[in-house]
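Each chain carries a letter (A, B, C and D) given by its place in the written order, and its residues are counted from 1.
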Amino acid sequence: MNLHTLLLDVVHVAVLLLVPPFLLGVINKTKAAFAGRVGPPYLQPYYDLVKLWRKGSVFSTSTSWVFKAGPVVGFATAVLAGLLLPVAGHAPLSFEGDAILFAYLFALGRFFTVAAALDTGSAFEGMGSAREATFSSLAEPALFFGLLVLGRLARSLSLEVMLTGGHWPPRSAASLVLVMAALFIVLLAENSRIPFDDPNTHLELTMIHEVMVLDHGGPALGTILYGASLKLFIFAALVVGIALPDLGNPWMSLGALLTGVLAVAVAIGVVESLMARLRLVHVPSLLIAACLLSGFGIVLLAR
Amino acid sequence: MQIVADPLLVVLLLVNFFMLGTSRLRALINGSAAQGVLLALLVVAVHGEVTLQAALIALATIALKSIVIPSMLTRALRDAAIHREIEPVIGFVPSLLLGGLGTGLSVVFARTLPLAPEHVGSLLVPASLATAFTGFLLLATRRKAITQVVGYLALENGVFVMGLTLVEAMPLLVETGVLLDLVVAIFVMGIIIEHISREFSSIDTTRLSSLKE
Amino acid sequence: MALALVIVPLAFAAAAAAMPWQKWRPWLLPACGAVHLAMTIAALGRPEVSAIGGWLKLDALGRLVLALVSVLFFACSLYAPGYLALRAERSNRVFVPCLLFFLAMNSLIVEAQHLGLMWVAIEATTLASAPLIHYNHHARSIEATWKYLLIGSVGIALALFGTFFLAYAALRAGLGTSLFFPDLVREAPRLSRPWLHSAFVLLFVGYGTKMGLAPMHTWKPDAYGEAPGIVGTLLAGALTSCAFLALLRFFQIVSAAGEAAFARQLMIGIGLLSMAVGGVFMARQRDYKRMLAYSSVEHMGILVLGVGIGGLGVFGSLLHLVNNAITKGVLFLSAGNIHRAYGSKSTEDVRGALRRLPFSGALFLAGFFAATGSPPFAPFLSEFTIVRAAMTSGHAIVGGLFLLMLAIVFIGMGGAVLAVVQGEPPAEGPSGYHDRLGTIAPILLLMAIVLFLGVYVPAPLVALVQKAATFVEVKP
Amino acid sequence: MSEVLAVCACALAALSGLPGLFSSRNGRAGERMACSLIAVAGIAGVSAAVLAFVAPSPEGISLRWAVPGGALQVRVDGLSAIFLGQIFFISILGAIYGLGYWPQAAHRENGRKLRLFYGLLTAGIGLLIIAGNSVLFLVGWEVMALAAFLTVTTEDEKPEVRQAGYLYLCTTRAGTLCLFALFALLFGATGRMDFDTHGVDAGGPVGTAIFLLALAGFGLKAGLMPLHIWLPPAHASAPTHVSALMSGVLIKTGIYALARVAAGFEHPPLWWGGMLLSLGTASAVLGVAFAIGQHDVKRLLAYHSVENIGIMCMGLGLALIGRASGHPDLVLLGLAGALLHVWNHGLFKALLFLGAGSVIHGTGTREMDRLGGLLKRMPGTALLFLVGAVAICGLPPLNGFVSELLVYLGLYRGAAARDGRWWIATSFAAPALALVGALALACFAKAFGAIFLGEPRSEDADLAHEAPRTMLGPMIALAACCVLIGLAPALVAPALDSAAAAWGVSTPLTAAAPLGKITLAAVLLLAALGFTAAALVSRIRGSRAAPTWDCGYAAPTARMQYTSSSFAQMLVGLFAFALRPREHAPRLVGPFPAAATYHGEVPDAVLDRILLPFVRATANAFESLRFIQRGNVQAYLGYILLTLVLLLVWK
């Protein structure tokens, strides 16, 4: 391990921990722009996180340590997943099969988030957790189909190779476009964005992710929000990574990736401004469509 | 010998038809007794001469099949106070037709069996088959226990006729054993009939159908 | 010795008939059983056992069946005093002599080397067993006895017919007066084919009736269902084995004549049919004793099927003859105990036998596992051998059907057996019967044999079966 | 050496329950004796397995055995050792657990019987795994089946237990009969009574028949969909430590035997692997889908066994595909994944069953909708159950993840292959496995949530008590193993290599899979968790407690909680096409509808909608044949006449 790699790793961790809340700011700005408002500052999410971290907290008497474990696991798994993803053309932790670990880390986070919600004994949070578990199980195959297309093209199951390989054969372009589309849908679903979920709504009956954290407050809620922004960043980086060619220079890669991620944030903002939230019963259809898209990506490879 | 035996066999076949056609039980028993006499005569006829063995068998046959068993059956008939086979499974006319068919088939079937030189042209084998068939028919189509015993007797008579072809081959001991077994069988059947008529106050076997499936 | 095997039981039978003491008469059974067993063992030890100038002779097949009959009778005779003590209200003056006479006739069948003599002995068993089936003297037992007697006698008459046909075939071949089996086998190639075929069909149907092969099996459920367990055991274990022996003797002649293929087809067809009938009637069977009878039909099917397959199948079939007989002993005797305790044969009334009668219930269950061919019980080995024979001799479809029938039988029989042994027993019945040494130890003995033969087949037995199989499968 | 040990272990286990039969009904001596004997047997068995890895003796022991076709042929190679170690390890733990769960003092009627058959069950499984001769194998197989039946029906006074037992008995017999045919065919093809299939033409009719029979016979035991019908009721009815043994070990014998028979075929047709892979995938997806719909925690766990068996079959199928297409790396990854999953599933499924047993012990019910809030009342059980739940979902850093990763790696290798078109099949299996993982997660989130989290839904749950140490101890051991394998999978690699040798694979697993990196990732994950937890805990120290907010609802009660049924409703609806759930939903009318109840259940679709109707129709058809025997002696005589005439005409 040379110094340059070490530097890159440090930068990787720094980017991973510092950039994500900014994306939320970008999304909110975009939406504000569409609505003709000024909107909150770009750095508003950071202020929110700091504020939450400073607050005191109240815990329900029904809850146990599992309730507190939810935010912890959700955040820690997101961080570790971030380490598997190449940000500057290189991932700090990389091995054959880390793409599976990547997916399963989020699953681990989900398990504890759902458990934490159920720990409150609240009907609303139970509802949210049931929806979360249901929809994410539909999103999972779409993600894996996508990984599979990349894996076949890159002949590896390591995210680093898959996302920085870059020299795809031209006839795989169609597959990759399908996969990116599918993964963008997965991104929206996994990060509770419109059209799956509305992070701004206050009507608990219709919510998915947000309703699971109703009882969390203060530092715990802060950890959850921070973890969520991390997750958003990671998924955006995944989608962008597919599109980016191999630039050779890590710093250029980093710059390109960050630009791409910001573009995805803007795209999310645009989607949220232009679309309405789907009716709950239609959510599965959209996710199944995502599966079909990426599954079709495989079929196209078989030509 | 064939000259004597064949007419006797024809009479035997006629008795068969009589037994199939009659509804009176006493007549049936008489028919069976008549078959016994015919068989005894056949024994002598087939042997060609009156040997000691032939005489013994003939006498035993008459004694058992024409005297002991018929009288036993008649007594049972009297005890049960019935006279007729009322509702056979298959009516009398169809029985006769079936009997005719069976006799015809017996003749056809017997033709497929190559005979020893001394039996060529003889009616022994077809008559034996036909009598056995008649017995079987009585067994399978009559409801009264006594009729069934008579049917069994007829079946045995058919077998007996077949045995006549083998007079030289069968040792006396075995012949005796066969006859003895037959008597004991009829005797045991008689006892059971007695039990039946006491337990069910009838010897109609349609009552005997509580054991099924 | 050969004569003694027949005479001694006859003498015991006469003694029993003469004996005035109801209480002590049953003890003649174990005494005779022991003597007979001892004589059998002695006879098996000798290379040559014959009497009356070759009329009686123990050949390879005879040795096997004699051994099995003797062991089975011994176990039953041990059971008898305990059972008859429970039935003290009923005279055993006919029952005991008949049992002993039955044993004598079984020995005679096994040893008889003459076509006619064997027939006489088999007919005698029918007559001896009629009073045994009639033992309970109620309406149902009369009905069963009548049917048994009538159907059995008809079957036997057909067998006599077949015997005459065979004799005629011999006569025509110029064999003259000899109707001894060894002569017939030796001269078989010269027998007239049409007569031989017809004779075999008649004998097959005749002795098949005695054995209880479908569709001639109809007397079986009635007789086995109404007879006391001990009689059921002897009918299903000993008598059917003797009838099978008779069949095999004719099969031997037919195969010596080079006509085995014809006989085999018949045996495979009837074997499968018997298994199917057993399976069909065991499904949802509500009377567990009748169910055992259908199980017996099924096993008779297995026996002839094994012979029909030939080769290894004959070995398996003869081994199965032993295994089936002893297993049937376990089943019939334990079912008899259960019947005694509950006073009912219906699976609707009888529940929880494992609780009410821990030993009888467990033995009944174990007997069921054994009879359906579960390892490590002995019937598994023989059934598996038959399957192997089928699969290796180009009878794969027959083997498949065989296994299918076994599955159907298992499901049907399992339903009834489990209904009997499991669950909460109903309130104590009037009989007040409880398991006691006298009525359990003999079944345990039989079960031990079944288990033992399942994990270790002694070399003498293998040799006995092997010799018998070679003996049966004569090449022309 | 290891063979002798293994045989001794089996013998000891078989006899373990015997002394108890002669001891007093009330004393504890019998159960302690049985437990110690099992423990000794277990130690011998596990040592035999370890010995086989350390010093393999490929020859085994072969003695004459005086039964037709039999030989006392025993060998412990890598493949057997994997399973041998597992059975004895879990059997010891189950026996210890049984001391607390099924004490003689509380079960005077059936305690002794249960222990007798428990020992026999262990011995039967052990025997079939080391058997090299097919008769010996069948003996072990059936001893196992019968002993399992007798343990399942321990409480035969309950009708549902009797039904489950009967169903199990019939299905296991159907499987055994398939094996009769299988071994007979093998005997016909090779003239030998063992598993050696060399020389059998895999593509020919005999080879095809052997494969299909193996699939049916062993699949029935393993519980491969749609042959799983016996499994949920049997697992639910057995005493829980027996369920653990059955689910953890017994059903794996099907996998063992499948792997053993397939090992002999050097060049299987491609469709074998494809079929096994598809069946495995279907089994995994549908198994977990059925699990989600269950209310009974033991039935839920049982359906997860179907799922996990599916995953193992996917691995085996992959290995077969690898063989057929000449990709040794697929063989290695598929086989190692399947076998490691065998171990893993044994560990976490036993752990979960024992956990469920503790819950039943503590509350007296297995209905999840009557439980809740047990985490506070049974903290130890809850934590251990959680470990099992995370492990079974295949989540890092526990053991389930490792084996699933191996299977994924194999599937991806297959998907990346450039020869032929079969890669498409494997590439559809991987996302299916992902779906399975996600559904399992939903299912265990539901189970854990409904049982341990929130507020108790019934008085039983409210008054629950923690399990005694004899019950917690075995669970701790199982959980520790789950963690150990999850953190350091390289430890088990030599064992898997040794097992893969039975399939002729010589590449070490460490060369094909990043086992070391998994450890690194797991440690990093733990570190991240620890750091985050420490930070959060330091911030929230001294926080206040209050009732659940629940959006300001004033009077929250336990009945308002989401139940397991409501949690599952949406997923069950999505899979309704396969699950065919039954719902009794009330119609709510007007602004203030009257009190109403909702009830939904997911019965086994294969059993209820296909098999039982078929069986009923067959039995009815049989019943309609009863007219043959109507008690009419004339008809009986007629049959004889007819037969005679027909035969005389025919001949």
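Note that contacts are C-beta pairs under 8 Å (C-beta built on N, C-alpha and C of every residue); 3 or more make two chains touch, one makes a residue touch a chain.
The structure presented is a predicted model; accordingly, all values stated were derived computationally and were not measured.
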Distance in touch steps, counted as few as possible, from chain B out to chain C: 1
Innermost chain by mean C-alpha position: D
Greatest separation from chain A - chain, by CA centre: B
Two chains sharing the most C-beta contacts: A-D
Inter-chain centre distance, chain A versus chain B - centres from mean C-alpha coordinates, in Å: 99
Approximate Å spacing (C-alpha centroids) for the pair chain B, chain D: 68
Length of the line joining the C-alpha centres of chain A and chain D, rounded to whole Å: 35
Mean-CA-position distance for chain D and chain C (Å): 43
Where chain C touches two or more other chains at once, by residue number: 146-147, 150, 154, 198, 221, 281
Residues of chain D whose C-beta touches two or more other chains: 626, 629, 633, 637, 640, 648
Overlap residues in chain B, where contacts from two or more other chains coincide: 136, 139, 148, 205, 208-211, 213
Every chain pair meeting the contact rule: A-D, B-C, B-D, C-D
Chain D residues touching chain B - in the complex, by the definition given at the top: 626, 629-635, 637-638, 640-641, 648
Chain D - residues contacting chain C, complex: 65-70, 109, 135, 138-139, 141-143, 145-146, 153, 156-157, 159, 162, 165-166, 169-170, 173-174, 176-178, 180-181, 183-185, 187-188, 209, 615, 618-619, 622-623, 625-626, 628-629, 633, 636-637, 639-640, 642-644, 647-648, 651
Chain D-facing residues of chain B, complex: 89, 109, 136-137, 139-143, 148, 205-206, 208-213
Chain A residues within the chain D interface of the complex: 53, 56-64, 66, 68-69, 71-73, 75-77, 79-80, 83, 93, 95-98, 100-101, 103-105, 107-108, 110-111, 114-115, 118-127, 129-131, 133-134, 136-145, 148, 151-152, 155, 157, 204, 214-215, 218-220, 223, 284, 291, 295, 298-299, 302
Chain D residues touching chain A - in the complex, by the definition given at the top: 372-373, 375-376, 386, 389-390, 393-396, 401, 404-405, 408-409, 412, 415-416, 421, 423-424, 427-428, 430-435, 437-439, 441-442, 444-446, 448-450, 452-455, 513-514, 517-518, 520-521, 524-525, 528-529, 531-533, 536-537, 539-540, 543-551, 556, 558, 560-562, 566-571, 574
